[in-house]
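I've put the structures underneath this note.
Consider the two complexes below, in which chain A is the common component and chain B and chain C are the respective partners.
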Partner chain A sequence: MSVYAPQLETGSPPTSKRGRRSSPWTWRWRDRLVLACAWTAGLGLCAIAAAIVLYMGYRGIEYLRPGLLFTRPAIGQSQSQTGGILDPLIGTALLTLIGIGLAFPLAVACAVWIAEYGRPSWLARVVESSIEIVAGTPDIVLALFGLSIFQLGLFAPLSFRAEGGGVYGRSFVAAGAMMSLIALPPLFAATRDGLQAVPEHMREAAFALGKTRIATIRRVLLGSVRSNIATGVTLGVSRIIGDTAIVLLLLGETLHIETQGPVPVVDLLRGTGSTLTSYVYDNSPAGEGAAPQKAYAAAFVLLVFVLGLNLLVERIGRSRPAPSPLTGR
Partner chain B sequence: MDNMLDIEALSAQEEVPPVRTIVLDRPPVPVAPPVRERNPLREPAPSTAGPERLRVSDLSIAYAGVPAVKSVSLSIHQGEVLALIGPSGCGKTTLLRTLNRLTELTPSAARSGRVLLDGQDIHELVDTTLRSRVAMVFQQPNPFPMSIFDNVAFALREQSRKRPRRRELEPLVIDALRRAGLYEEVCHDLDRPALRLSGGQQQRLCIARAIAPRPEVLLMDEPCSALDPISTGVIEELIGELRRELAVVIVTHNLAQARRVADKVAFMYLGDLIEYGTADEVFTQPRAARTRDYVQGTFG
Partner chain C sequence: MSRLRDPWPDHRAERLLGAVSLLVGACVIAMIVFVGVRAWPIFEHNGLSWLGPGGNLETQIANMQATSVNPPASAYHLNAWPLVYGTLLTTSIAIVLGTVIAVLSSIFIVELAPARLRKLAIPVIRLLASVPSVVYGLIGVLVLVPFVGNHLVTASEKNSVQNFVELTGAGLGVVVVILTVMITPIMIALICEALMAAPASWREGAVALGLNPLRAVLAVTLRAIRPAIAAAAVLAAARALGEAVMIQMVSGGSSYTPNFSHGALIFFYEPLRTLASAIVDYHEGLGAPALRATLYAFGALLLFSAFVLSIAGYLIKLPLRRYQVRG
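Right after this comes the complex of A and B.
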C-alpha cells in the first residue's frame, strides 16, 4: 500500500550511505574546519598520552630491576650504592591505608545523610558546599594547614619530635589525616550519586516489608551502591598515591621509615617516611639529583599503579548491573 | 526503504514534480500467547469470604491540601480478592498505600478517618509491625541486590532480635518460594543474584518476599503492568491461590484482569468511591452511570 505525499525540504542529511551529501567534503568550509580541529585535538591528546606512557616506560624499564623493589634506599656516592625503593613503596601503601581508612566512614556517612535524610535542607547545602571547598583546596594549602594544626602542643603525641622536645608536626598520622581530605570528595560524590540513583520504589519495598530506615540503608541501599563505593575508593586511592605536597610537608620525606617511640604499631604511625612521589622528587634532577635513573624507575612504578587503578575504575563502572531491574542483566 | 529511494532517484532524473511514495508498514500481526489451561483448582471460583481483616471507615487523604481520597469506607475480608479500579489519578494507589501507612512517607500527605486491622487502629500499631502484617508488592519488580535466598530471608530475618541461622531460615524461605510458585524454577541455585531472574520471576520473588512473614493482607499495586502476558497469567493464577490464606487488595488498570481475579470490585473516580460490590454486580449490572461507562470503556 502506498500513498503520495509532497516532498518536504528538510535540512537533515539523508540516512542512506550512498548519498553523497553526507560526505564532509561537500560541507561548508567552516564546518570542515571545525571537524578538522576536533580531529586534531583528539589525535593530539592520544599522542600525548602515548608519549607519556611510552617514554616513561622506556626510561623506567631500563633501570627497573626486581631487586629495586625489595631493597631499602641508602645513601651513596654512585647510583649503584643508593639501594632500592622499598621504603617509599611501604610508605605509599601505609599512607593510602590510613587516608582511606579515615575517609571511608566519613564520606559514606555524609553521603548517606545527604541522600537519605538531608534535613534541614540548609544544613545539607552547607555540608555539600563544605565538601566542595575541601575538594577545591590545593593540596599544598591543605598540607600547610595540616602542618600548622599538627604542630600544636595538643597534637604533639601524634607526630615526630625533635631531640629537644619541639613538635615537628610530621608523621604518618598527620599526613594520613590530610590525605583523607584528598580522598574524601570523590568517595563522597560517588556514594551520593549512587544512592540518589536507587529508585524510590526500592526503598519503599524495604519499608513495606516492615524494615526500619536504618535496616533499609544498611542492607538494601549500601548493597546497591557497592560498585559506586568501590569506584570512589579507587579514585581516592589514585589521588592519594599521586599526591606530593602533603608528603613533602607532613611526612618528613625521610629516606627511611623512621619510627618514633617504643610501642610497636604506634611508633610507625608517629614516625616519618617517604612515598614514591617524594622519592621521585628527591632523586630527580630538580631535587638533589642523586639518582635520576631510579627516579625514572620509581616514576614508572607510580604510573603503572595509577593506570591500573584507572582501568579498575572503568572495569567496575562497566560491570555495574543495568539500572532497570526489568532487564535483569 | 529501497523502493522509496529508487522513486526519488527516478523523479530527480525526469524532473517530475517533487512527489514521493511512502510505503506504509503493514500493521504488526499480534502474536497470541498460547492459551493456558485454566487451573482446575480455580475454575469453580467460590467466593469463600472469611473473617473481616481490614475495615476502612470514612478515610480521606489530601496531598498539600488537594484531596486525593474522599471519605472512603470499605471492608476487606480474608479469602477474597478486592480489585480497586478507576481511571488514572483517581486515588486508588493512594488508598492502597494508606493501608500499610506508606503515604506517611510523603511529608505533605494529611489523613482523616480510620483504618482498622482486626479491629485495631493501624495508627496505633508500630509501623514496622503493621507492614509485616500488611505486605505489599509494587508495580516494578524490585528484588534487592542480593541472592534469591537472602531476598526472602531478609524479610524474615530482622523480625526476631537475634540473627537466626541459615539452617533455621531455609524451610521458611523454601516454603515462601513454593507458595509463590517460584521454587521449582530456582531450587537448583538459591544463591544466584536475584537480578539475574526474568521480569516475571523477579515479580514472583517479590511476592514470595512479601508473603514470607505470613502477613494477613497482601496489597498489590498493578503487579502485572510491567510484565508480559505469560508472566501475567502465572501471577493471576497465583493470586487465586494466595487468597485462600490471606486477603488480597489489587490495584489494576486492566479491567479484564480485574474481572479474572477479583471477587469484589471497588470503582473509584476523582477520589470518590463510586461503586463497591461483587465483581459480577459491578461488571454486569452497575448501579452508577459512571461505573457503567467505565467498565464498558466509554471513558477511561
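Right after this comes the complex of A and C.
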C-alpha cells in the first residue's frame, strides 16, 4: 500500500473510474448534438405516452359516469339522450371470448407441433411462415377476407341474413373468427419461444421415466410454459379489443346487440352488435354521430383495459419463476 | 373422459397437431385465393394500369356505386393513383421520421438512460404501441385537427389553394405525426434488441482507442446493426401501409393528391386518402359488384405489399446471423 500509493498519485492519467470517463462537455459539438437529440427523442416519446394517458384520463373523468356503463345505447337528439355503453362493452367481451377461444387451441397446437415435432421440416417452415404472413397482414385485409368467406352460401347459417335471403356475412362468429387470426401470431410466438427455452434435460428426464412424447408435452412442458401462454393470451386480448377495422366490416355496427333466430346461445353468435372501438369510431366526427363526449368516455374505458392488460403482461413477465430443474414448475 | 386420460398414441397426437397447424397454412392460402378472386375483375378490365394516374377517382367510384347488380364493363374503369400516392407518401415520410426517432431513442434507452429511467421508459414506450388505433384517431380528429385548422393554417394559405381543396386541418401533416408515433415503438423494440445483442467488446475496443462512448456506439455498434435497423423500418412500413381506421379519421377523406408546388407548409395541410382508409370509407358500398372488386383490389395490393415487405425484412436480417447477432 505504502509502496504503490505515491506512484499512483504521480502518474499523469487519473486512474479512478470516474476521472477517466470523458464528460460530454469535452466532446465535439456534433456528438453533443446527437446526445441531446437522443435524450429528447427518448424523453419525448415518454412525454407523448404520458400526455395521451393523462388527456384521455382527464376527458374520461369529465364525461364518464358510472351509469353509462350499465345503460344501453339509445337514439337521441343530444348527447344526454344517447344512453350508455353497455352493449359495446358486452360486444367487446363476447368478441374477445370467441377470438381467444378459437385462437388458443390453434396457436398452442401449432406451437407444440413446431417446437416438439416439426417433421417434415419443410412443412414446419411453411406453417411458421404462414403465421408470419398472418401477422403481417393488415387487419382491414383480414376483414375483407372474412367478409368473402362468410358471404359464401356454405356459412350462411352463421350470420345475419337479409329479408330477401341475401347473406351479409356479418355476425359475432364472423368477426370472432377473424379476431382469432389477429390474436394467433402473438399467442403462437409466446408459446413457441417458451417451449424452445425449456431445457432439453427436462424432456430427457421425462422420456427416461417412460413417458411418451405427447405425455411429456401435456404433463411437463405445457405446465412449464404456462406463464408464456398467459403473456401470449394477454397480448392477443389487447390486440382484439383494440381492433376496429374488423368490427366495422364484420359486426354490422348495430346500436344494440341484435340476435338472429330462436336458439338461445346460437342467436347471439349469429347476431350483430358493436364494440367499444366501433362505438368510439361511430360517435367521433369521422363516423356519422357527433357525440364526442360519449366517444371520449368509451375511449377512456378502452384505454383503461389496454393499460390494465399492459400491466398484466409486465407482471406476468416479472413474476415468471425460474423453472426448477427437477419439476419444471 | 376415460379415453382422454389414457395415454395417447404418439403418432396420432403428432398427426392431429400437424393437421391443426396445416389449417393455419390453409387459411393463408384461402385468404390469398378469396381476396384475389374477388379483386380479379379490376385486373381483368384494367390490367395493372389501375395503379396509374388519370381520370377522376371520385367520379369513377360514384359510377361504380350507381351501377346495379350487373355492371357494364365500363363501370370497372379505375385509376387509383391518388390512393397509391397517398399510401406511399404517408408511409415513406412516417418511416423516415420514425427511423431517426427510433434509432435515437433506442440509443437513449440502451446506452444513455440511467437504470431507473430505463425501467420506466421501456413499459411507457411499449404502451404507445398498444394504444388502439381508434384512440389515436379520436385524439387526432378532436384535438390535433382542430388545432392545426384553427391555429396553424392561416387564412391566406386557405385562400391560396381554395380553387383546388379546402384546408380544414385534417391532412397529411396530422396523419404523418400520428403514424410516426404509432410505428416508432415497433421499431424501437427491434432496434433495442439488436443493440443489446451486439457484442459489447466491439464498442469497448472503440472506447479503448480513444473514441468517446457515444461516438463508439454510433460508429461501431450502430454500423453493425444496420441490417436490424433496415428490417425494423421494413416491418414498420408494413404496419403503416395497413393502418386504416386512424388515417380514415384524420386524413380529411378526399382523394386529393397533396401537391408540393403549393408550398411546403400547405403540402402538409392538404387532405388525402390511402388504400386502406379508402376501404373503410367505402365499405358501405360493398354490395355493388364493381366497387366490391375495387376494394378487394386495394386489399390484394396491401396483402401483396405486406408479403413483399415481410420477405424483404427476412432477407435483410440474414447478414446479422453471420455475427451471431439475433435481431
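Assume the second predicted complex is superposed on the first by the 301 of 329 C-alpha atoms of A that agree within 3 Å, B and C clash if a C-alpha of one lies under 4 Å from a C-alpha of the other, contacts with A are read in each partner's own complex, and residues count from 1 in each chain.
As a convention for this text, a contact is a pair of C-beta atoms (placed from the backbone, for glycine too) under 8 Å apart; a residue touches a chain by one contact, two chains touch by 3 or more.
It should be emphasised that the depicted structure is a prediction, and the values quoted were computed from it without experimental measurement.
J.: Is A:L248 touching anything from chain B or chain C once the two structures are fitted on A? First, second, both or neither.
T.: So A:L248 only meets chain C here.
J.: Given the superposition on chain A, which partner contacts more residues in chain A: chain B or chain C?
T.: C
J.: If you stack the two complexes on chain A, which partner ends up touching A:T82: first (chain B), second (chain C), both, or neither?
T.: So A:T82 meets neither chain B nor chain C here.
J.: May I ask you to decide whether A:Q260 touches chain B, chain C, both, or neither, giving the answer as first, second, both or neither?
T.: Neither chain B nor chain C is touched by A:Q260.
J.: Could you tell me if A:A215 is touching chain B, chain C, both of them or neither one (first, second, both, neither)?
T.: both
J.: Name the contact category of A:T92: first (chain B only), second (chain C only), both, or neither.
T.: So A:T92 meets neither chain B nor chain C here.
J.: Per the contact definition in the header, classify A:E204: touching chain B only (first), chain C only (second), both, or neither.
T.: first
J.: Which residues of chain A are in contact with chain B in one complex and with chain C in the other?
T.: 212, 215.
J.: Over in the complex, which chain A residues touch chain C? Could you list them?
T.: Residues 21-22, 24, 27, 31, 34-35, 37-46, 48-50, 52-53, 55-56, 105-106, 109-110, 112-114, 117, 119, 123-124, 126-127, 130-134, 136-142, 144-145, 147-149, 181, 184, 212-215, 217, 238, 241-245, 248-249, 277, 280-281, 284-286, 292, 295-296, 299, 302-303, 306-307, 309-310, 314 of chain A touch chain C in their complex.
J.: Under the stated contact criterion, what part of chain C meets chain A in this complex?
T.: 7-10, 13-14, 16-18, 20-25, 27-31, 34-35, 37-38, 100-101, 104-105, 107-109, 112-113, 120-121, 123-128, 130-135, 137-139, 141-143, 181, 184-185, 188, 212-215, 218, 235, 238, 241-245, 248-250, 253, 276, 279-280, 283, 286, 295-296, 299, 302-303, 306-307, 309-310
J.: Can you tell me which positions in chain B touch chain A when the two form their complex?
T.: Per the stated touch rule, the residues are 5, 18-24, 26, 100, 102, 105, 127-132, 135-136, 138-146, 154-155, 158-159, 195-199, 202, 206, 209-210, 213, 219, 226.
J.: Given the complex with chain B, which residues does chain A contribute to the contact?
T.: 1-7, 16, 199, 201-202, 204-212, 215, 219-220, 223-224, 226, 321, 325-326, 328-329
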